[in-house]
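Next come two complexes, and both contain chain A; in the first it sits with chain B, in the second with chain C.
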Partner chain A sequence: MFRLILKIAWKNSFARPSRTILLVVMIAVSMSMMLGIQGLYDGMVKNMADKNKRSDSGDISIFAKDYRINRDIRYRIKNAELIQKELKNTEDVEAVVLRISADGLASTARKSSFAQIRGIDLQAEENFGAFSEFLKSGKIEFGKRGAIVGIELAKTLKLKVGSKVVFSTQDSNGEINSMAFKVKAIVQTTNIVLDTSAIYINLEKLRTFLGLTPHEATQIALKSENKKLSEKLKSKYSSFDVKSFFELQPMMKMMEDMMVIFNSITFFIVMSVVFVGIFGVMYVSVLDRIREFGIMLSIGMQYKYIRLQIFLEAIVVGLLGFLSGAVLGLVLLIYLKDYGLDFSAFADALEMWGYETIIYGTIKLSYFTTTFFAIMSASVLSVLIPLRKIKKLNPIEVIKADK
Partner chain B sequence: MFSLALKNILFYKGRSITTFILTFLSTILFVVYVSMMDGSHKSMLENTLKIYTGAIEIYHKDYRDIGGNEYLIQDVKSITDKLSHVDGVEAFTTRYETYGLLSSHENSAASLIAGIEPDSEKMISSIADALKEGEFLSHNSGNCLYMGSGLVKKLKLNLGSEVAFVGAASDNSFAADIFKVCGIFKTGSFEFDLSSAFVSRSYFDKLMLAQNKASYITVKVDNLENVDAINKKIVQTLDSEKLESLTWKTLMKTMVEAMEVDSIFNYISLSLFLIVIFFVIMIYGFINVSSRIKEFGVLRCIGLSNVNIFSLLFYEIFILSTLAIFFAAPIAGSICYYYSLNPIVIEGIAEMYKDYGLISDEIPLNFDILTIIWNLAFIYGLNFLSILYPYFYINSFRPIEATKHV
Partner chain C sequence: MIKLQNVNKYFYKDEPREVHALNDINLTIENAEFTLFSGASGCGKTTLLNAIGALDAIDSGKIFLDDKEIGSLSEHERTAIRLNEMGFVFQAYNLVPVLSVEENIGFIMKLRGFRESEIKQRVLEVASMLEIDNKLRSLPHALSGGQQQRVAVARAVASKPKIILADEPTANLDSKNSQKLMDMMRELNEKEGVIILFASHDELIRESVRRVIKLNDGTLVDV
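Here is the complex of A and B:
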């Protein structure tokens, strides 16, 4: 019986092909666009968060107490190398890097700007966050007196690869010291603070320049997928300031939350309108065949089978719409993931705000599952009112009535 | 045709109500969304312009691109004399800017130190209004420093504290002095408050050997809408190949571009809603038309042309759209107007997005009649487009065939 009803439902779904095709196209276009937008926005935030983690905070960062408030090298971690060793041996920790940062003034012969000098170990940074992927021009190396500069700072100071820059700051003894560098490379991390102010130099060189011992650092950043590790480290290193990524980057958390809210609202509005569309078609489709249903009831077919048939019709249309939308959406998402949207025409603005000029999307299985349930629910719900109408039918009157 | 269209609308109530509601909602959504987007952009620009950047700034050529003391404006007096005769120029002031290291007993920080003319600066920017503690500068305030709150905090200073300055004078010689903190300001711009300090030019010029020189001249215009025309007059009046006069559109090019990108994303999101609504209106129009194929066949048989059929469909959508827009436009307009005067406040958003230059928790909507009109016209256009497919569908039937359609 079920097979027969399924067959009838399938055939009836295409009784008015133009109408069904229009509905399927509506579901497919709206669904694919919605998936594309979700993927693009999620990709944008995910990409920013990922690069922020790789270039700076990692999944967890450890600082000396008060360092983040005062940004002063007096508040540094004295036994950083020892802690690094301990962390490397901790379960779930993938990589650990030490960094030293100090704020100061960067000057060329013609321009000056505030800057942050960051002592890094290039090999360790490569293992930690594939630092070389941030390269925009030049070569990732320090050489004898080399420095790598953030893209926005390079623009402010009109620096190119080969330019000379002098950095002045206060050392650990409170004395003002200066150091000259040759720019070896320009990088874009999409971390606004780093791109607008960072001058990266060799970690050891900066230690010497600032008068720090070889075991000291201002930041220990580590990579780990374990979400609970942060709490563990907080109790283990209670004399330090242990912060998770979202604690260090509340803006990222807020952006992610806002994207979830925005995507949910978009989803709700689009699905509500889609529901109105499906409802209209199913309602008219049932009304068109009201005599047919009257006859079916008169010859003894039970209401439950008619209900099943109409549900199946709605599900068939919804499923076809979903499948078409899923294919279109997947193609769009793959394109956005692989090629992205090119905003090179607005490169200056995007770089200034910490975005890449090509914005890539992301693909999540949840996009498809949630949309599937939403479309199926909309399809099934859309036939409830037409079904009530059929339930209240007086078969004889309906057969007699002129359609 | 008009009365027939009206009768059809009243007869097919379901379709009419759905089209009305969808058009009504999409009109409100579109007008308010665009207004919110324009309002937030306008507010960001205005706030930035109000703080420090002028509507027009005059530079020595290459000062912005290359920089350095050889590109300072010389003989400022003769230029300002000319500027005072340009129509539309409300006020102007000269600034001498340099970067240097400021040091307290405990800390040092790189900072922008600008020599300003306190009296004329008050008329141009809002830095005087941003006073938080102490007092703003005056012509005779000597070595008084007016510092951003962030910088004061960074250097652990208080009112009356002494600050050492080290930098380079306008002849590239070494310049150093001790300043006294006389005033602390907070504009709300995180970056600006963290990295700016001001001194009266009467004192600073002597230290920097910058008498009658300026990094640039900032101009306030009487009407921001006329900024291009006024700038043109300034260029003509100055008549100098060595100088360039730039409007805020060039000075804040990256911000303008960023807003364009933001607009693109907003329109992409908005287009999703509009496309879905367009489809539903089209589907309802199509259902309506497809259930009247017989009726259209009869109409064609009694002599109505294709144009008449199109007119009928056109009038139907015209009446429904006009009704929906007639009710939606005043509501959407009122929302925009109300929130342009009483901005939406999202507590903490400025703090959260401080790195992006956001300085206020307020998001005002933009109330602009022209923008609202084009928004309404767009919804009209979209609704008219929705009748095309149903029209071609009806036309695909021959009149006799249509009359027999089941």
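Here is the complex of A and C:
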């Protein structure tokens, strides 16, 4: 019986091919556009979060208690290298870096600005977050007295590669010290704080400058996919300030949540359009064939089989729309993932907020699974009203009308 | 056996244009009857056929199919009776447009759960009897009116129902095919004991049946 009904449903779905094809194309195009938008929204946040992690916080960061509040090198981790070794041997930890950071004043002959000097190990940073990918101009190296400067700070101080800059800060003994550097490179991490204030120099050089011992650091950042690791580390290193990425970057969490809301709104709008499309076509299709259903009822076909037939017709059309949309959407997402979408025309605004000018999409299986269930639900729901019409149908009226 | 007791049916009831389509009909149709309802257009013969076929509700009275009173049955039960005990031949063929001739003829058998091999054999048997066996793969729209009517007849008789209700079955057939149809109906009636009720003006049917029930303005005038 099911095979017979499926056969009728299948044949009816293509009884008016242009109508069915139009509906399938409508579902496919709406769905692929929606998938593209979802991929871009998620890609924007993912890329931003990724660069923040790579350039600064990692998935988890460890600081000395009170360092983040006071931003004072008096609150530093004394045995940082030992902890780094322990972390490297911890399961699920992919990479660990030590950093020293101190706030101060950066000056040129004509300008000065608040800045933070960051002591980093270039090789370790490369392994941790591919630091060289942030390069905008110059060459990633420190040399003897070289520094790398964040792009917005460089604009503020009118620095170029080869320019000189002096940085002044308080050392561990409370003395004000200054250091002169030659700009070797300008970087853009899209981390707003770093791009507007960071001067990167060699880690050992900064230790010496600040009067720190070789084992000390102000931050230990680590990479790990394990979401539960931060809780473990919090209890293990309870004398330190252990923070996960979202604890350090609550704005990112808010942006991620906002993107979920944007995606949900887009999803709702597109699915409403799909619902109205399927409803319209199924309603007209049922009205067109009201006599046929009357005949079926009159010769003894139970209403439940007619209901099944109409559900199957809607599902066939919905499924074809979904499959076409999934293929089209996948192609679009792969393109967006590989080549991105160029928003150079809005570069100033985007970079000010920490976005890249080329936004790359992401691909998640959940895009397809949720869309599948939504389209199938829209298909099934769209035939409820046409079905009510058939349920109320008096077969004799249909047969009489024909005579 | 079919028994009608004081059956009344109105159209547009309680409206100025009210029509008393069936007026206090009392009638018994025995098993294996081969009967025609005749009368002028609008006399109520199709309405009577539809009421017996559990297609149309009546306003008062009772219709019994064996010991079952149709009026007391639910819509689901009435549909089941139409499927399992009746075969319908409508004037307008009423075939399923997306199914082939073969599928249309076997449609009711499939709904009734006959075995695939049994359906195939019976479809072939009925189709060759009605000379449409060369059209089994065709869709209804590719057939002439007469051929479509024969498919509708084949569909009604294929599942060997207890009762066949045929409303103007020869209306779209030429005299040769009408004769063939009547021969087949008679054979089915005689061999299988199927009750066959016609509503028609056709003289050929009048000559073929064993009983003629005449109606005039919804009233039985000659049983």
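Here, the second predicted complex is superposed on the first by the 400 of 403 C-alpha atoms of A that agree within 3 Å, B and C clash if a C-alpha of one lies under 4 Å from a C-alpha of the other, contacts with A are read in each partner's own complex, and residues count from 1 in each chain.
Criterion: a residue touches a chain if its C-beta (ideal position, glycine included) is under 8 Å from a C-beta of that chain, and two chains touch if they have at least 3 such contacts.
Computed from a predicted model, the values in this text were never measured in an experiment.
Of the two partner chains, chain B is the only one that A:112 touches; chain C does not reach it. When the shared chain is aligned, chain B comes close enough to touch A:250, but chain C does not.
When both complexes are overlaid on chain A, the residue A:331 reaches neither chain B nor chain C. A count of residues in chain A touched by chain B and by chain C gives the higher number to B. When both complexes are overlaid on chain A, the residue A:34 reaches chain B alone and has no touch with chain C.
Of the two partner chains placed around the shared chain by superposition, chain C is the only one that A:299 touches, whereas chain B remains out of contact.
By the touch criterion given at the top, residues 1, 4, 7-8, 11-12, 15, 291-292, 295-303, 305, 395-396, 399, 402-403 of chain A touch chain C in their complex. By the touch criterion given at the top, residues 16, 18-19, 22-23, 25-26, 29-30, 33-34, 37, 40-41, 71-72, 103-107, 109-115, 158, 168-170, 174, 176, 192-193, 250-251, 254, 262, 266, 269-270, 273-274, 276-277, 280-281, 283-284, 288, 343, 346, 348-350, 352-354 of chain A touch chain B in their complex.
Chain B makes touch with chain A in their complex at residues 14-15, 18, 22, 65-68, 98-101, 103, 106-111, 154, 166, 195, 253-258, 260-261, 264-265, 268-269, 271-273, 275-277, 279-280, 282-284, 286-287, 290-291, 352-353, 355-356, 389, 393.
Chain C contributes residues 50, 55-56, 75-76, 79-84, 86, 88, 90-92, 94-99, 103, 107-108, 110-111, 113, 155 to its touches with chain A in the complex.
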